[in-house]
Amino acid sequence: MVEPATIALLAGLLALVVASFYSLTIQWAELFTANAVRSSLEFLRGFAPPELAWPFLVKIAEGTLETLSMSALGTGIAFVVGLGLALPDSGRFGAVARALIRLVLNGLRSIPELVWAVILLIAAGLGPFAGTLALAVHTTGVLGRLFADALENLPPAPETTLRINGASPMAAFFYAALPQILPQLMSYTLYRWENNIRAAAILGVVGAGGLGQMLKYHLSLFQMQQAASVIIAMLLMITVVDGTSFWLRRRLTCN
Amino acid sequence: MILNAASAHHPDPAWRGRITAALVALFLLWPMLIASEFKPWTLLDAQSLGSTWHFLSGFFPPAHSREFLLLMLEATWQTISIATAGLTLALLGAIPLTLLATKSLSVSLLESGRMRLAGAVIRQGARWLLVLLRSVPELVWALLLVRIVGLGPTAGVLAIALTYIGMLGKVYAEILESSEAHATQSLLKNGSGRLAALFYGALPASAAELVSYTTFRWECAIRGSVVMGFVGAGGIGQRMDESMKMLAGDEVFTMLIIFVLLVACADLVSTFLRKRLA
Amino acid sequence: MSFVLRGISVRHGSAERSDTLCALVDVNLSIAQGEQVALIGPSGAGKTTLLHTLACAHRAESGEFSVFGVEPWALSHAERHALRARLFLAPQTPPLPPRQRVVTAVLAGCLPQWSFWQAIASLIRPSDPDAAYDALACFNLQDKLYARVDRLSGGERQRCGMARLLVSKADAFLVDEPLSALDPTLSLQTLDVLQQEATSRNATLVCSLHQVELALGNFPRIVGLREGRVVFDAPRAEVTEAMIAALYRNTQQTEQSDLVAAQPDEHIAPQF
């Protein structure tokens, strides 16, 4: 039967939900009045038809390229740095280094890309470079931890054998450990790339370049048709990247 | 010495492919570096270093006055409640859509071996709706909703609700379909309704997975509700946006600490919930 | 002298484990440079442990141990690691990364001689494929030079591990059950290649074997191990049927159970 502790837990969850709705004072009434519905519909109608003029499409293409570049570079940098940090994080350079690096990675990971972007704008200035760095920083935290776990769960024999025969620790890592986990690392990275393309699309909202910046700009001028085109471009780009990454990951795991 | 190996008796058959791949990668990398204005040295010019230093030096000591902490407490609670309320609404929306989208709960499929046309159309429609809802990033929903319902937490709640209906609906349907179809099917065959089949067939088999995924999403919703504050949807994100605009490093640092703690706590709570309920 | 062991005892892991089974107890052994020695004995007699001890992979509990006239455990960490480059331990089932190419797996034997950057460069493009080819050719595996390790059979993988030994610059070969996955004809050939290589560079060869006949037929000196003790250590002419019978008494001659033989090794944590 259901334990009392579980009942208490469910009651607690219910209380959390009730308290949340209570404290937020959401104006439901205003959401569903005839007036509100009418004005929302009007707002939505403003989106159609999406702007399809050639010069604007070129601008969207540029924005898409910028977003794609941010996500790919950010993920690439995070792969390299994350692998570098995963070595100490998997305990290869002692317990102190491990604890320290783990703390750093946790910090990098728990602050989302957008918050990093806001902070990095100060150092890197407005534009896609800040966005790239923000993606790289957050993703380093995520990948570093995943890579370290992969390294720790690895069969150690190939590496120990090389070390027993006199290879240096780093050489043994590159000849025995890395080839074993590389497919796994690549698949984690591609997965993160799918995630980062979504993040890159919105980073522009705080001024860090890409399609998000265009969206924010046109929305703030109430140019809904342009905004609609940007949103459609985002959706298309995300779909294409998902497809590519799925295809790459399948190829990686198949052979 | 390494180039000499090119004339070796046993050339590497993969070498040409590797060179090609490297060239292609460089060819792709170049426009990317340009498009993303990748200029790391700008980080090191005097002006950028100066403003960074100025901002970072404001970090210590972190802001800790009584009023500020109270304000933070309120903002943190708002963030949590936006996430919780949003996820609750998402659940309310996702469950009916899941029922529509799940193939193994189809009655007509069972009877004739294929779905009735109307059923198939509704099912496909529900799936497309779910795809649309989850493909638009939550921040974009928030941006749009802020313009409809005005600044404040309502936009955040609705944005989370819309995105997460799509995510929950998709994954719930997948979980239910991958769970043992046998129990559900035999219930449907014996004439029980779709809901009964769900409650007595599919649900018990996959309850643990459903709960676990929902708590994981709650954790994500908390991060999401922080981020949405930056477009004016309330909570700690909005406070951070204000402090950043004033370059108040001490306040930003406090918020970053609160933020890391909040994420860590959400992680703990969701792990605990998963253990307890799953 | 290549190796001198005086009163060497090795214990593994926790005390509760049946440690007498896989320990070495008071082993005395001297092996001259260029000598070829076969280690025989039932499973769990400590053959693998002895080879690991000789390879400086783990430290003996007590006793005196020297390699090429120096005591490895009195040296600094770096000096000891440099010493290991002169020793080559080939484990019974060579643990090669499955997705690596054979050429890379073989050339990994050169790692102690290479600088870090040389090692990285060779990953991108094998720096000495001819050496790997020649080494593989000794075992009729030259066709597999650019194949992937996971495409090899168990026996091919084992010989691939031996090819790594050939490209190394070691002065002593410590080989653990090199023939466990090979048929009789290949066994003879492989043993022949190992012995010729050892003779031609005047390297010491210590080889543990399950096949008593092969040991007696090919090695001038035989060391019999049982329950961690050296039961006999004699030129092959002096090894009698009775000695062999006593060595394997009340144990199963376990040519088929290679897994059991490999097991005692698993709870030895190597020390570097």
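As written, the chain order gives the labels A, B and C, with residue 1 at the start of each chain.
One rule holds for everything that comes next: a residue touches a chain if its C-beta (ideal position, glycine included) is under 8 Å from a C-beta of that chain, and two chains touch if they have at least 3 such contacts.
Keep in mind that what you see is a predicted model, and the values were worked out from it rather than measured.
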Chain pair showing more contacts of the two, A-B and B-C: A-B
From chain B, the most remote chain by mean C-alpha position: C
Centrality ranking, top chain (CA atoms only): A
Intercentroid distance (Cα basis), chain C paired with chain A, Å: 48
Centre distance in Å when chain A and chain B are each reduced to the mean of their C-alpha atoms: 9
Averaged-CA centre spacing for the pair chain C and chain B, given as whole angstrom: 53
Of chain A, residues touching chain B in the complex: 5-6, 9, 13, 16-17, 19-21, 23-24, 26-27, 30-31, 36, 39-40, 43, 62, 65-66, 68-70, 72-73, 106-107, 110-112, 114-115, 118-119, 122-125, 127-129, 131-132, 198, 201-202, 205-206, 209, 212, 215-216, 219, 231, 234-235, 238-239
Partner chain A, residues of chain B touching it in the complex: 31-33, 35-39, 42-43, 48, 51-52, 55, 77-78, 80-82, 84-85, 88, 135-137, 139-140, 143-144, 147-149, 153-154, 157, 223, 226-227, 230-231, 237, 240-241, 244, 247, 252, 256, 259-260, 263-264, 273, 276-277
Chain B residues within the chain C interface of the complex: 1-2, 5, 8-15, 18
Residue ranges of chain C touching chain B (in the complex, touch as defined): 101, 103, 121, 124-130, 133, 145-146
Contacting residues of chain A [partner chain C, same complex]: 155, 157-158, 160-168, 170-172, 174-176, 179-180, 182-183
